[in-house]
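For reference, the structure is listed below as structure tokens.
First chain written, first letter: the chains are A, B, C and D, and each begins at residue 1.
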């Protein structure tokens, strides 16, 4: 069957990437695209790369316009999804690319976001190891409400969860630093996102424990079975590439573990996965290798002198970090082959 | 007086930057430039930005040609400086921009570089705090043999040494991740340094404790008074900017220290410095702000949830990281005003 | 049916892009990949973004290894294809991504390339208008030997051929300037292709009429019906993006033509095309809009004050400029739907 | 003596560059910096690279605050300078970095800018050849009101004026295409200037004869002695570098001129200049070579097949294109050595 779809936030970067991927999905009909301030304009004026969707016009983002589809994607600023929840009650599948339904802790929401807390939906990172041996995939089969992950959060969680689940690393002193492209910040008119500010420069932001993806990582690592408190030093750095996350995540080694035990933890978690791949020993990924692809590539080093595992992960923030995660989760929810409409090969160089 | 200077390795990036800075130095006459494979060619063919030096021709790098100057700069691959030591015995001041004379430990040299160990020279990071309250500047006054620092090493050492010296952080579990531009790797014909490989991508290298700047950082932090073993997880990531280092360095907080004590440690160390500046609380530097300048800008956050201090440092790898450090050290050694020929303002945007 | 394919030059940029596209083509089995100096190594070591082809090993590029496939792609430096011609006589379809079989004029070959001239093959730019109303597509149906175009050449030819064919512009004084990414120069170890040289800089090359794509453009415009001599001032400028060509091509207006006649010429040529699209009046394309796509986007302005038409074209040099053109031509030659395995939507931002 | 200076528009890119250069000028005291919306804030918050000016606070841009200095720099959006003219009547030297006083033709102003026309001031491109053998320098000696040039306009005018003045090229069919960095568009919050839009892409704008620098070029070439109408096809292309203009300008050769005559025209015009340099035959400049410098580098090719001269010029749009031109002109007006506070060497790589 073909599923009818509406995409809100269609003039933004996340919305545009959802559309790019859906346009290549054989089971989807993109029926409706909506936006707030740009309603009434051709989609192609805001997404000039989506040539196959040149016939679509942006409509207003209202519950009435979004209702009546088989699937609705919400790509809205955080705090805005809740107002559509009731009106979309009859929509079989709603996928939120925003933050509103990711966190299970109202306290964490209050601390990092503020405003009304919304109930958590099924978290859209299928490969995430859970304590006890299952993966998050099990929570997505048949799901009707899905929260796509934060791009940085899922990248770091995928990087470290296997070690946490296997008990070979200590989650109480994680340090992660991420080189990220500005598209993750959305199509926002802010001075610090201007090309002149970012070209030729590396610019840190949200330094010192304030980034909103921190509680989301903590939640995933707790779900993976972390014993004791999860502590994360998290620093993102904007670098001059439109897309991509290169996350370097480190954690102390658990006492007495061998190198083989460590590597086996990741190999066991991802050895059968299509979209999360552990590179051979001594190899590390580049973001170019996953550009446009739904792939998370991980390289792992064991630094005995520093007593830390180092996991370097490369992800396209708009694909595996957002839109690809959403569509992979949609495929699982609908019972479609999980890779439908997604590619594992990046566009490089 | 005017000092006559010879610069070897003048066709490379480090040599070129030494020349760019010397060309603006009022007390220097650049008399001789040398290179290996490009000897006989005009300097301007290899450094087309150095318009004021268009009259110079590259000579061969031999002891005879380098001798007879007041000052000689060596900008050679590691392991090559030693062969010139004897021949340059009569040169009043020799400054090595390479690695050969940085390390005090023959073991560390053997482990990270290999080959014959050379005696350490005065280490060219004037602002580096030393145990007991002095700075490295004291070792440079009147020096006749100076080792310019490794760019990443000095950036990280300057980031953390004040906290180590003051005893407010724990040097036994440092984690540092650096976004670096490819000019730090030199003008080397390697596939991974091609523009097509680096544009639009973040590429890690030397992951897992193998980078040669690790023992150099350790040495500086020991000199700053680190109690116990210094352990460093160090990961550099190539990002698409020609120049610049954005180092995010974290270390556990010492038990019981207050926020004020922490911040005071850095403020006390650098409050009177021209070229190393601590930004106000809540501000963090960008590499663009120090492009072309001899300035290291530091931003400091105290993340109590992670129990770590986070220091973000921005440095131009070719200036404060290499050539500027060399010339600032030269000024000190010669008794000239320390900032002569150097600028504190970056070229931005 | 499924066609078996061999790709030579598989460790380079053009070869890699051919493989990326073929991997998404439903009628193709990639059986053999070859390279010269890297033979014996896993393909994935040289093309780490091609995750779905991780099982392939590079073999040596020999006639014996390439023979015996349904289709052979040659992605070799110019002058090297001829040696395989005889050995591949029994291969039903050979597509050369190199220059050897593009030019019809032995004189032009001698002037711009030198060495032995090879006979021209069917030129792989299907949408190119020909004098008399046909397109180059007609020459590709059933073709057994295809020459994929030069990326700059096809971009400029597609930009201006409709106007030449319709007689609304004068081909005797064309000026074209192209902003191009370095991937068009291949994975060559040359100083001027290093990231440090290209980041933050715009670098012209082949200025003054020496670029090898000039005779190829001339040939296409003659085929489109140019009356009189075709003269082209052609200047390419390397800019800091891995991929992409943004060609600004101008030509004098023919006497007496109206704006509508001019615009109609392009509209008539491309109005029914999938992969070559004329944007609405007042709109101009960006290379990001065609990244990874087989699309050439054209924007057209009529500058009466300068008495010139200005056509700005955006193309991904590795797709529509090379590998996509090859596969689109292959589809035509084999009688497959022309767009099989190709996408019209770019990856942006 | 030391001149007191006020700089308006000090939070923008042009104002920031004026300040960066003035901070290195030995005869200048920067006393006042002003801005509109950011008045009351520390300058360093908006220009974090200007470390030596961290003591300055932005004041409001009013006639009262600007008055009373020896020199006032206006770096305001076009149309805003006129309101300060009367109030600054007693200021000995006023330099406008904006467009208001560049054009001598009210008609051209009306066509390209609109609004009230202001009288032209001394045009700040000292090296520009004038008909009759003088240069624009003569008009700047002792000037009290100076209009700094448009960055693209002065780059193209410097590229072609020697040929026009010497009569070796035909100014009636000029074609120029410029690769430009986004800083030329100012610190404006526009979607098309966001980093995500510009990274990895080449984006044309103002295509087809609408750019405001066209009449300014025409005016300069008429001043250089152009016989007959000057026609210019002008296309700027935004490329992913913060700064820089790489202008490729072509014009038909005058009948019968020899190669030597052509080259001599440029050599005669610039052979004695410090900041405008003609490269040796066969060499062409890169924007990196002039980054941060007040240098315009020109490369010249004679393409007999196309019957055109091709001049490629590299300029830093914020220095020689704007702030450096202003300060060089200021030096001339004040009778200071022309190069005071300016550098000829670029910051590369």
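Heads up, the rule we're going with is that contacts are C-beta pairs under 8 Å (C-beta built on N, C-alpha and C of every residue); 3 or more make two chains touch, one makes a residue touch a chain.
These numbers were taken from a predicted model, which means no experiment stands behind them.
J.: Stepping chain to touching chain, what's the minimum from chain B to chain D?
T.: Graph distance in the chain contact network comes out at 1.
J.: Determine, using the mean of C-alpha atoms as each chain's centre, which chain is farthest from chain B.
T.: Relative to chain B, the chain with the farthest C-alpha centre is C.
J.: If more than half of the interface residue numbers appear on both sides, call it same; otherwise different. Which is it for chain A and chain D?
T.: same
J.: Can you check how far apart chain A and chain B are, centre to centre, with Cα atoms defining each centre and the answer in Å?
T.: Whole-Å distance between the two chain centres: 37.
J.: Can you work out the whole-Å distance between the CA centroids of chain A and chain D?
T.: Distance between chain centres: 45 Å.
J.: In chain D, what residues contact two or more other chains?
T.: 13, 183, 196-197, 199-201, 240-243, 285-286, 288-289, 291, 348-349
J.: Any idea which chain D residues touch chain A in the complex?
T.: These residues of chain D touch chain A: 13, 181-183, 187, 189-191, 193-201, 240-242.
J.: Show which residues of chain D lie in contact with chain B when the two form their complex.
T.: Contacts found on chain D: 13, 16, 20, 23-24, 47-53, 183, 199-200, 242-243, 277, 283, 285-286, 288-293, 295, 297, 343-349.
J.: With touch defined as at the start, can you tell me which chain C residues reach chain D in the complex?
T.: On the chain C side, the touching residues are 173-175, 177, 179, 196-197, 199-205, 207-209, 231-235, 237, 239-244, 246, 248, 250, 252, 284-289, 291, 299, 301-308, 310, 312, 314, 348-349.
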